Structures are given as C-alpha cells and as structure tokens.
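Labels A, B, C and D are assigned to the chains in the order they are written; within every chain, residues are numbered from 1.
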Amino acid sequence: MHDRKKGVLAEAWTIGKAVGQAMRITFINFFRKPVTVHYPTVSRPFPNRFRGLLALTYDKETGEENCIGCRLCEFICPPAVIKVEMLKGEKRNYAKFFSLELYACEFCELCVQVCPTDAIIMMKSFDMATADRREMLLDKDRLHAIGLQYEPSWATGNLLRDMQQPPKKESAKPDAGSGKPDAGSAPA
Amino acid sequence: MTPDRARELLGTVAGVTLSGAGTPVVAQVEPAQWLDAARFAKDTLGCAFFSFLTAIDWKEQGLEIVAWVDNLDARVSVELRTKLGPGVTSCASLTPVYRGANWMEREGFDMFGVRFEGHPDLRRILLADDWEGHPLLKSYAVDTPHPPYR
Amino acid sequence: MSFASLPPAVQSLIMGSAVLGAIVGLLAYVTLLERKFAARLQSRIGPYRVGPRGLLQPIADGVKLLLKEDVMPDSADRPVFKLAPVVFMIPCLLLFGVIPFAPGIGVADLDNGILIFLAISSLEIVGLFMAGWGSNNKYALLSAMRAVNQIISYDLPFIMTALVPVMLAGSLRLSEIATAQAGLWFIAYPVIGQIAFVFFIITAVAAENRVPFDILEAESELVAGFRVEYSGMKFAIIQLAEYAHVLGTSFLGALLFLGAWAGPGPVWLGPVWFLLKALAVFLLLTWVRWSFVRIRVDQILRVSWKLMLPASLLLLLATAATIVWRTPHA
Amino acid sequence: MPDVRALDYAGSERLTMNMGPQHPSAHGVFRAILTLEGETVVGVDAVIGYLHRCHEKLAETLAYVQYPTIASKTDYVAAMSSELAYVMAAERIGSFEVPKRAQYLRVLMGELQRIASHCLWLGTWCMDMGGALGGGATIFLYCIRERELVLDLFESLVGARLLYGFHQVGGVRYDLPEGWTAECRKTVALIEQRLGEYEGMLEDNPFFMMRTKGVGVISTALAQDVGISGPLLRGSGVEWDLRRSQPYSSYEDFAFTVPVETGGDCYARYKVRMVEFRQSIRIIRQILDGLPAGPISSRPGVKSLAQVKVPKGEAYARVEGPRGEVGCFLVSDGSNKPYRMKWRGASFSNLAVLPHILPGCSVADVVAIMGSVDPVFGEVDR
C-alpha cells in the first residue's frame, strides 16, 4: 500500500484521486437512463431476423398449407426434434403428420433454410415458458396456429438460400446475396 | 529454426518417419520412441508450447496418439503421432516433458482407455469415476445405456 | 398529565418502544433506499413491481422471509445457532438507545453516551462469531475468524476517529456534542474536521463489513460468510441487524460531524433534519460500497494497523494540540 | 498437482474446503478441492467434467452442415470463434475457398465476439473480486450493459443472441442487413468511450491494484509447458497471437498490435485484455471501412444433409478466440460426417495451469486468479 519512494502525502493524494475517480464514474452513471426494460409489460422490439418460435404457414393466395411433407427439415435438424410423415396427394403432397419438440430445439434456423416451399418459418416470439413440458411438443395444428398468432420473422428458405448463393459461373447475375448489403428490413 | 530444419533434425531421430511438407512437421514415431521424440522436440527443436494431445481410433488398426507442439518464436508446429497397434492400450506418458500433457492424457484415458505409463495421476477427468467404457472408441455406440444419474 | 411528570422508568419504556418501532420501520425502508440507490448507480431501476414504484417491497420481503422454511443444518450447534441472530440483533438495536434524536427526545441521554455507543457497537461480533461457529460450516467458520480479525482491527481507529469530535466538544454526552456544533459543524472545522470525517467514513465502512471491506461476507469466496446456513426469519433478523448497525453508525456520523438536529426551520423539524443527515451519511456509505472491489483479508489488516491506526492517533494528537493552542491561557 | 503431504507442515490443522461445483465464483461448474492452512492454500485438486456433453462423439454423428450450429455450444461466450474453428478445419481439408467478403465478415464477427467476451470476463472477474453486493457488481452491470449492445448487433444479423450458427463450410450464412454497419460504428464508439470508464474505476484504484498485482504469477516456461494461450500467454511475456503468427481468414489485411505484458500476474492479464478491447475496435473499424462487395459463400446455401462432403484427410485449424487458441482437429474419411474431431478448448488448457499456481495463495486470491483465467466451462468440459 505504502510506496516508500513517494512521500506519504503524495501517496495519499494518488489514492484519494483514484477513489474520487471511481466514485465520480458511479455518480455519472447515477444520472444515466436505466437500461432496464420492464419486460412483461414492455417488450424489447424484435429485430427483423429474430429466430424465435417455429410455425407452419399457409399459402397467402389459395389458403392451402405450404408444407409438402418432404422431410428435408427432419433430416437436417441437428438435435432431431422434427418428425414428418408424408401424405401423397394428386397434385401435391402434404404432411400427414408433423411434430416439433420445441423443448429440445436449438433455433438454428436450418429447417427454415432447407424448406423448399417456405412452409416452416420462425416467429417474433420467444416467451414460451410453460409449466407442462408436453405443451412444447407442437403438432401440425399448433404450428399452423402459431403461424397466425405472431408476426413472422424475415427469414424464409428461399430468402436465406438466395442470400448465400455464390455467383453463377460466367453469368454473374445480381441477386440478394451479392452486391450491396442485403435488405434485411424487407418483410417476407 | 525453420520447418525444413526441424524436419532435417527430426529425421536423425531413430524411429521417426516424416511426412508432408511445410508446417506442420508431421512425425510418425514408433511407440517405443514416443517420449524421446517429445523430449527431442522440446529440447532440440525448441517446441516449448504444448498445444494438445489426443487419440484417434482407427478401428481394427488400433489407436493412434497425436500430440501437437509449437516453437512459438520460430513459428514451427510439430505434429507427433504414434500408432499403438491393434489391441494395444498403453503408451508412454509425456508428462515428464510437458506438464500440459497431464490433463490431456487424463482425457485420453477417459475417452479412449489409453493407459499412459508414467502419468502421475491417471484418473477419469470428464466422466464420472464409475463410468463404464471409453466413449470415443468406435466400438462404443452412441446409444450405449449409461448408469442412471444420481 | 404531561409526559415529563411520568416516572422515569415509564418514560424510558414509552420512549424506547416508540424509538424501536420507528427504527424498525425505518430500517425496512432503508433497505429499499439502498437498493434503489445502488440500482441507479448501476443503470438499473431497482425493485419496482411491488406496490407503486416498489414501495411495498420491504413488506413483501419481510412476508416472504417469514413464510420461508427455517432450515437448520443437522450437525449445527443448535443452541448457539438459534441464539446467534438474537445476540447479533440486540446490540445493533441497542445503539439507538443512546442516540438523542432531538433535545430531550431519546431513550437515554447518558453522560458517557458515546462510550456506550462504541462499546455496544463492537458487541455485534459476539453474535457474529456465534453464527459462524454454530453453523458448523467451513465457509461460516472462516468468515467468523475473519470477522473477529477485522472488527477488532477497525474498531480501534473507529473509536479514535470518533474521539475527535468528543475532544472538540469537550464532552462525552452525545447531546452536548450536538449542541456544541450549533455554531460550526465539526465537518467544517478547518482541516481536522474533514480528515476526521473521511477517516470516519473509511472506518465505518470497515466496521460495518461493507464492500470494499466485506471480507467476512465475501460471497465470491465464502458464499455468504457467517450467514450461509441461515434462512427464513433468522436470516431476516441478521439482515435487519446489519442494517440497524449501519443506520446507527450513520446517525452517529450525522451527530458527530453534521451538527445533528441543527437546521433551518422550526425546532420540531430537528429530528427530520437529523434523519435526513443520517440518511445522507448512509447514502455516502452506500455509494462507497457500490464503487469499489473488495480487498484481501491480510491487506485489510495491514491497512488498519499500519495506516489507519497510526493516522487516527496522529489526528487525535493534532486535535489535542489544536485545542490547547486555541484555548486562551488563563 | 503438488503433493499436499510433502509440503512443510506448520503445525496448524488443515481444512479441506470444496470450492464448487455450486459456488458463486465457480464460473459455471468448476470444483476446486482446496486444502487450506489457515487462509493459505496448500493443495488443489481441480475437478472438471460437470458440463460434459460429448461434443467430440456428437461431432462424429452430425454432418458438416449440422455441426457448426452446435459448435457454438462449446464456448458459448464466444460462439463465433468456436464455429469458425470447425468450419475452418473442414475447409482446410477440402481446400474450399472462402470469398473475401465472407472472410471479412468472419473477422468482423470474431472481433465483435472478442469485445463481448472480454466484457463478460471483466464483469465477472470484478464480481469475483468485488462482491455481488458491491463495486464488483457495479462494473459487472456496466460491462453487461455494453455487451448487450454487441449482442443486439448479432441479433439483428443472425436473429440469435448467444448461439449463432453464423458460419457454414465455404462461407457464412447471413449477410449484413441494411443499416447494420452504421449501428455497428455507433456501438463500438460507445464501447470505446465506456472502456475509459472501466479503466477509471479500476486502474490506480488501490483496492484493485492490491488484489491483482503480483497475484497468480505464471512464468513464461510454465505458460508454454502447460499450453495456456491467448491473453494469459501474452500476459506472461510471450508474443503469440494466432491472428498475427498464423494469419487466417484475411487477418493479414488488418493493422493491429499484439499486446504483451511481462508480469504474468492478474494485472498483466487485465492489461492485455484491455488493450485487446481497443485493438478489436480498431480492426472492426478497418473492416467496416473496407468491406468488399461480393458473395458471402463459395458454396450454395445448405439444402440437404449430404451437401458438404469433405475428402479424406486431416487438418488442424486453430483460431485466436477471446480466451486463446481454439483448435479443431478434424479427421475426415470422405463422407459427410467427420471420422474424428478433437476439440482443443482454450479454457481447458488455461485451467490446467491452476493446480500449478494456486498453492501458496490465499482463498481470496483463488477467485481472483480463476477469474483472470476466464474459463468457460462449456469449452473446458465440451
């Protein structure tokens, strides 16, 4: 504590200055606006690309469900929480069965990315706490209902794949992935 | 010390086969020479920095131990490897040369069941003491039932 | 029948109950004050959910702690474990018995009030050590040993510093120290007053075991120190007692240096002024607490014995010399 | 680990004290069985593994397209650098090229991640030293306040705050959204200003100096021998920064200094990290100024599991993470899954130094030293 080279008074002065400095900084912060968000009453604005609750979508024009039961999301899912069975139809296929174990989901957005029909998307919602674990086992109806309940995030399979598209050999056509920073604010 | 010079020097050590080019210098060592090769790397090549030690299970060809050391001043990396051979689970410990090998070898014992001879404190490190089997062996199936949690 | 015509014992009883009630109520809100103040220092809001702006938070805390399960370790030294919070609490509340809150208002205005105050103030260590020992917990034991070390080494400079105003006032009676400041608060006394006040704050922080001197709580090392095994109401009592001790010291600081109840306005505003000044001292202690990191036990002891104690002795000497110098020779 | 019995016995009773796995300063789930003589540590047995999740076995069962999203769970405080180590190893085996823009984005994220991670380190370290009910908590909350701003940037980029899944083999998955660069500039400017406040609260502060100077000295020889890396190694006087000595992902394009301190104590490590904060900000500014246009991935976006196949081979990719050398040793057998993956966690090696330096310290120093090592147990136990 006591530096022998300096005098006691000089030492006391440095200590006093440092102490004053620390207390000054806390005092400055006393007058800063608190950063706390009153969570359940006020919610932080979601960014456009928020990766939240998963949902299935309907086609906007025909009102049909988009999922064709191709099982790509089931294969890609790293924690293997998606289970799909396909129902063959005449014009197109459907998902006979679609379940998602949200309690093990890690929200990596790979299922969204691989979906060829933009059927599975993510929602701007994260508060899914529940007292019953079984409520987090989402079936097809629940997923469709969630899709109508919340606001969708920006990402869909096609948009994500476009963004990552490498330049085509020879014909470098400008697309969402190349060129200027991409317009993440455009809603899906 | 350059990678080439390191290669040249390592070539003079008995039981060392070199492969690859540039950095890292990959030295395939006979199991009997394992400790000597490491000591040579540290003392002669100046590889004082011990990066990691691990094992690879080549199924029927047995285990291979890999250690990676660096000479930080000359920026030369040396990868030491030794094939223990089928069925062999014992290997000389590098702890007399590198103190950092202590935990790495405990992990190797934990995951692969390699008995490092001369290790001061060879216990399981990541898994529980009463765990059965060595999970990173290829013979250990992913869905092997484990003793119940307590 | 007026209050003054009652027998002294009854007077003390009434006054004591009144002060006790007021202090316990005040303590509850002092915790809220500290939490709110600390929160703002840290860019937070602090408790805001219970009642308007969190004003009911202390009550909610109390109810919660009352309803909590009272866990006692199996191998604890039961009588000691149970008794410790009470032994800890009593001296902390007794402090308020000797403080005069305004001329004539107070439980007992003793002619050696400050000595009694300082004596009682260091008694808390008994309860503290009992708690540490009785818990049969290594963390608690270490903490209790640290506590004994620390409190003994900081009570000495604390007492020395508190003696400076005593010398300036020339009396051990707290009310006389207060009235002696009618002209000039002792904090405004040239040089000596300011140094003494700074020393008082440092030693008070140390004697209250607050950061940066809170090595006996030291939750990053000793989890919660001596109270690690306490829960429910016992924990609440310990917590309350700690705050009582801090508040008592704040009152003492306001009395010794800030002129106690002196202030503009009518006489009946005196206690209010005193309270405000005490709270200001309390906030200063809080501000120090929330601005520094903790120091190590051996360093704390070194600071005390090698720096604070000699320095406070010197200060005392200087005060004595000043008084002699300024007193006209008869 | 020194043999406790071999140490000189002063005649007082010894106390065995468990620090952790449930302990306020265990930084997760670390258990140090301390043998105490009074308040002095005479023996340490470090127990780890409480957070073991078989990452190395898991990697053998997951494809190259899947694992990067899980790699972020090894070092969850610096997820960007752990993901990068994995994809770099795969790219190195397959000699996949990465577009310039993607490389710059990786550096950008790595440096932002370093800021976020160091913020957390500073906060938790001060909390270890200063108490959750004291000045330590104040600095902790300030640091977390600033870290949140960086996480906000990540969130607006990838949509997640902690586990990003930003990298993929051949590039990155997300391009910058509109307005992101402006936001980023604002954030780093703010953080740079606030850094001065942290230093003002800590440096010259007698309490802080007493706690850190000369505490937990790691000698250069011990540092190399045990294989500690990152700020700890540089704090012990070795100039070794993978960004400088073995540049990856276009780090050679940027100007920055590698701080080296020779003290080897907690204060030296603190100084190194504080300089790194500023150097990261410097690199970020350079990237934002010179971010090239172009594709963000040399391979099309992930569509199926078998999309990325890596030829037979082996590679060791090392990345300078906030805690040091994050390495991924990958052995490929030509399929879409690795044959073997060894994860070299920086914290694992850094933590292994504790049994060598703790004996002789007091209990209070143990937490200060452990905090200065900055272990993340996701990476230690993997």
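Here is the rule we use: a contact is a pair of C-beta atoms (placed from the backbone, for glycine too) under 8 Å apart; a residue touches a chain by one contact, two chains touch by 3 or more.
Just so it is clear, the structure is predicted and the values come from calculations on it, not from any experiment.
J.: Hop across touching chains from subunit B and tell me the fewest hops that reach subunit C.
T.: Between subunit B and subunit C, the shortest chain-hopping route counts 2.
J.: In terms of C-beta pairs in contact, which of A-D and A-C ranks higher?
T.: Of A-D and A-C, more C-beta pairs in contact link A-D.
J.: Which one of the chains is farthest from subunit C, going by Cα centres?
T.: B
J.: How many angstrom lie between the centres of subunit B and subunit D, each centre taken as the mean Cα position?
T.: 24
J.: Measuring centre to centre with CA averages, how many angstrom lie between subunit A and subunit C?
T.: One centre to the other, that is 50 Å.
J.: Just the number, please: Cα centre separation of subunit C and subunit D in whole Å.
T.: 43
J.: Subunit B: which residues touch two or more other chains?
T.: In subunit B, no residue touches two or more other chains.
J.: Would you give the residues of subunit C that are in contact with at least 2 other chains, written as numbers and ranges?
T.: Within subunit C, the residues that touch at least two other chains are 41-44, 290-292, 299.
J.: Which positions in subunit A touch two or more other chains at once?
T.: Within subunit A, residues 1, 19, 22, 25-26, 29, 35 contact more than one other chain.
J.: Per the touch rule above, enumerate the chain pairs that touch, sorted by label.
T.: Touching chain pairs, listed by label, come out as A-C, A-D, B-D, C-D.
J.: Please give the residue numbers of subunit C that touch subunit A in the complex, ascending.
T.: Where subunit C meets subunit A, its residues are 39-45, 48, 287-288, 290-292, 299, 302-303, 306-307.
J.: Under the touch definition given earlier, write down the residues of subunit C that touch subunit D in their complex.
T.: Residues 38, 41-44, 138-139, 142, 146, 210-212, 214-215, 217-223, 289-299 of subunit C touch subunit D in their complex.
J.: In the complex, go through subunit B and note every residue touching subunit D.
T.: So the residues of subunit B touching subunit D come out as 24, 48-52, 54, 56-57, 66, 68, 72, 75, 79, 98-100, 102-103, 111, 120-121, 124-128, 135-136, 140, 142.
J.: If you look only at subunit D, which of its residues touch subunit C in the complex?
T.: That would be residues 15, 17, 23-25, 39, 126-139, 141-142, 145, 201-202, 205, 207-208, 210-211, 362-367 of subunit D.
J.: If we count contacts the way the header does, which residues on subunit A are in touch with subunit D in the complex?
T.: 1, 14-15, 17-19, 21-22, 24-26, 28-29, 35, 47-52, 72, 75-76, 78, 106-110, 113-114, 116, 122, 153, 155, 160-167, 177-185
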